[in-house]
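Lettered A, B, C and D in written order, each chain numbered from 1.
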Amino acid sequence: MPPRVIAVRSRALAAMAVALFASVASAQNSNSTMDEIARYRQMLQEGNPAELLIARGEELWKTPRGPNNASLEKCDLGLGPGVIKGAYARLPRYFADADQVLDFEGRLVYCMVTLQGFARADVVKSPFSGTGQRQTDIESITTYVVDQSRGMKIDVPQEHPKEKAAFERGRYLFYMRGGPYDFACSTCHGADNQRIRLQDLPNFEETEAARLAFAQWPAYRVSQGALRTMQWRINDCFRQQRFPEPVFVSQATIDLITFLGVRANGGTMDSPSIKR
Amino acid sequence: MPDPMRIRANALADGVDVRVLMSHEMETGQRKDGSGNIVPAHFISNVTVSHSGKVVLSAEWGPAISKNPYLQFKFHGGSKGDEVTVTWVDNKGETRTDKAVIG
Amino acid sequence: MMKRSRTLLAGAVLIVSFGGCATSSSAPPTEQETLAVIRAGFRDRGIATVDRLNQTELQATCSKYHNNPPQDVRAHLEKAALATVKYPGDGKWLGDFKQGERIAQTGVGLQWTDTAATVNGGNCYACHRLSKEEIAFGNIGPSLYHYGKTRGTSDETLRYTWGKIWNTHAYKACSQMPRFGDAGILTEGQIKDVMALLLDPNSPVNK
Amino acid sequence: MLAKRRDVVRLGGLFAALATIGMLTEEEALAQQQAWNKAAFETKNPRDTIKALGGSSAAESKDITMTVPDIAENGAVVPVAVASRIPGTQNIYILVEKNPNTLAAGFTLPQGTEPSISTRVKMAQTSNVLAVVKANDQFYVASREVKVTLGGCGG
């Protein structure tokens, strides 16, 4: 069939194009909104810009830096000095040298301070990149390390008393309502099949949902054009909760991540993922 | 210096499948910064992909291409072990070239 | 209850100063120990100051019972909440539904990324379906599509709807919804506009 | 695809300056600038875009396949794939009708390259996305609406 010619000069081009394709579009619109959103998410999976950061993170991990001119290769993430494979999937955990439960980012800060000699205040000052800024060292290194746990089982330990205490405090914070909106984490993440606008809200009291959610952080957020870490995820939840700002790698944030991680135990790491 | 690209080139039955991720801000020139000033446009304007000295794809982009751009296409005539070269140039004259071996 | 919070804060400082000793035993952390760690884990940023961690009686009670308080507690909270509701001074219930739609769409306000000058939104669509046109709606709250069309505008409906927006706990203790009037999130004028969005026959909600 | 002469002349100074600090040779800079169709990227509607690309008319074609989401959860990244089965396809263009500037991208496909590309565009709001194909110096068009939704609870 010869194509029908539309004069470009006519204002009707766009309008006609719409009309011509409206029938096609409406036929495909029989799917629900949520099915279409699922399709959009599926389309994003190919080509995750987080991959661009992995090489940079690896270089930062292996290059001698800081006042001690040391690399991070001797950093013990819980599986022995320098062992990265699978380490992220087993954090947070108790570290005897720090006498503290630490998440990955907390442990990274510890290693940058103790091994490389950076001042802690400098390391924790700006952990998250802003709009239009280059990704931070912490974000890059986190991407490299979490990628080495892809496909591994989430196994956040609950053996040491301090690991158990971290879980209990994290659980308390999860349910703690406060601020001018009376929100707690549980407001959005304490029941099945809830969503804000069109974004699904995992119920962290439900094992499968908790596993899927925990497994996908850190993630590349297309809405921000940036890789975002778990500490950022917690930070931005509290912003929207109208809470004061959580201190980066504070015990309270690590406790909450411990609670979420233990709830997700048995899940399979799938990070860095790509999200809206 | 701009960050390296991620290039994947795979020889399939129906041609060489090329997938490229580029690290670039792709600033639209419409966004305002914290002080209310317009952030100037900064975007990849041209992309060239070549194989054996021949251009297999060239592209002109405006700032409406998403941040950290992704590009996928297929060409014929390449085989395993050949090199594919991707070059981008942005509107400020910055440029980056990376190569990948067809797998 | 502010008094109670200050007491906890003082306790918190004390425990923090003892460092790790507070949780070194294998016993689960006490509420005071937990609150001390939480308080140490937050800081002021912009308008979002740490005093927001000082829970009101309602917040503390709902947290304690994971939002499912026993019947007598529930009745007490609902009675107290109903007493906070301020009905419109001029007797006019409905404002402009078009403004109401804007308020329902907007989610800014009271975050550390906002300022004291930010006009707060109601962000109703985050949790509720309202108009037919907006497909990006949440489901934490019930659908409010055709709210006015199915309920009409009797005095009873007007009072209930106003009270529900002003302080949701008056009708359902430990509801997840913010207290838009009682907590000063929306002004009386804004609440009238949201009322119109729900109840005006010409509002997109009732189309 | 040549930019208007005055644009080349005006930008000559800038690119010459960049060349001296070693980013591009002068020839390279000039070549790239000439290969970027400034006039087309400044158009505000599909009709003007096609004109700026050298077309006088565009025919609706079922031989253009567009793969786009019906609903995009975020306008910052909207995947768009375009495949043309029109013989002699030379160029594929992606247009977003309601963006501040309509033309998002243009691709030149030499012989031996499949007339099929996939990329991601930004959309300022719900809009029609158009795929324009140039084949044997004729222009063809297909269009699909993509709804852009709002998200989050702080925005």
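What we mean here is this: a residue touches a chain if its C-beta (ideal position, glycine included) is under 8 Å from a C-beta of that chain, and two chains touch if they have at least 3 such contacts.
All of these numbers come straight from a predicted model, not from anything done at the bench.
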Touching subunit B and subunit D alike: which chains? A
Counting C-beta pairs in contact, which comes out ahead: A-D or A-B? A-D
CA centroids of subunit A and subunit B: separation to the nearest Å works out as 26
When centres are defined as mean Cα positions, the distance from subunit A to subunit D in whole Å is 33
Roughly how far is subunit C from subunit D, centre to centre by C-alpha average, rounded to an integer in Å? 46
Note: subunit C residues in touch with at least two other chains are 111, 113, 125-126, 135-136
Can you list the residues of subunit B that touch 2 or more other chains? 26, 66-67, 70, 72
Check: subunit A positions touching at least 2 other chains come out as 33, 47, 188, 196-198, 222, 225, 239-240
Which word fits the touch map of the chains here: line, ring, star, complete or other? other
Which two-chain combinations touch? A-B, A-C, A-D, B-D, C-D
Can you check the complex and tell me which residues of subunit D touch subunit A? 45-47, 50-51, 55-61, 67, 69-74, 76-77, 79, 97, 120, 128, 130, 139-145, 149-154
Subunit A residues touching subunit D in their complex are 3-11, 13-14, 16-18, 20-22, 24-25, 28-29, 31, 33, 36-37, 39-41, 43-44, 47, 188, 196-199, 222-225, 239-240, 276
Enumerate the contact residues on subunit D facing subunit B in the complex. 1, 14-15, 18-19, 23-24, 28-29, 32, 35-37, 41, 76-78, 81, 96, 99-101, 103-110, 112-114, 116-123
Which residues of subunit D touch subunit C once you look at their complex with the stated criterion? 71, 147, 149-155
The answer for subunit B against subunit A in the complex is residues 3-6, 19, 21-23, 25-27, 31, 33, 39, 66-68, 70, 72
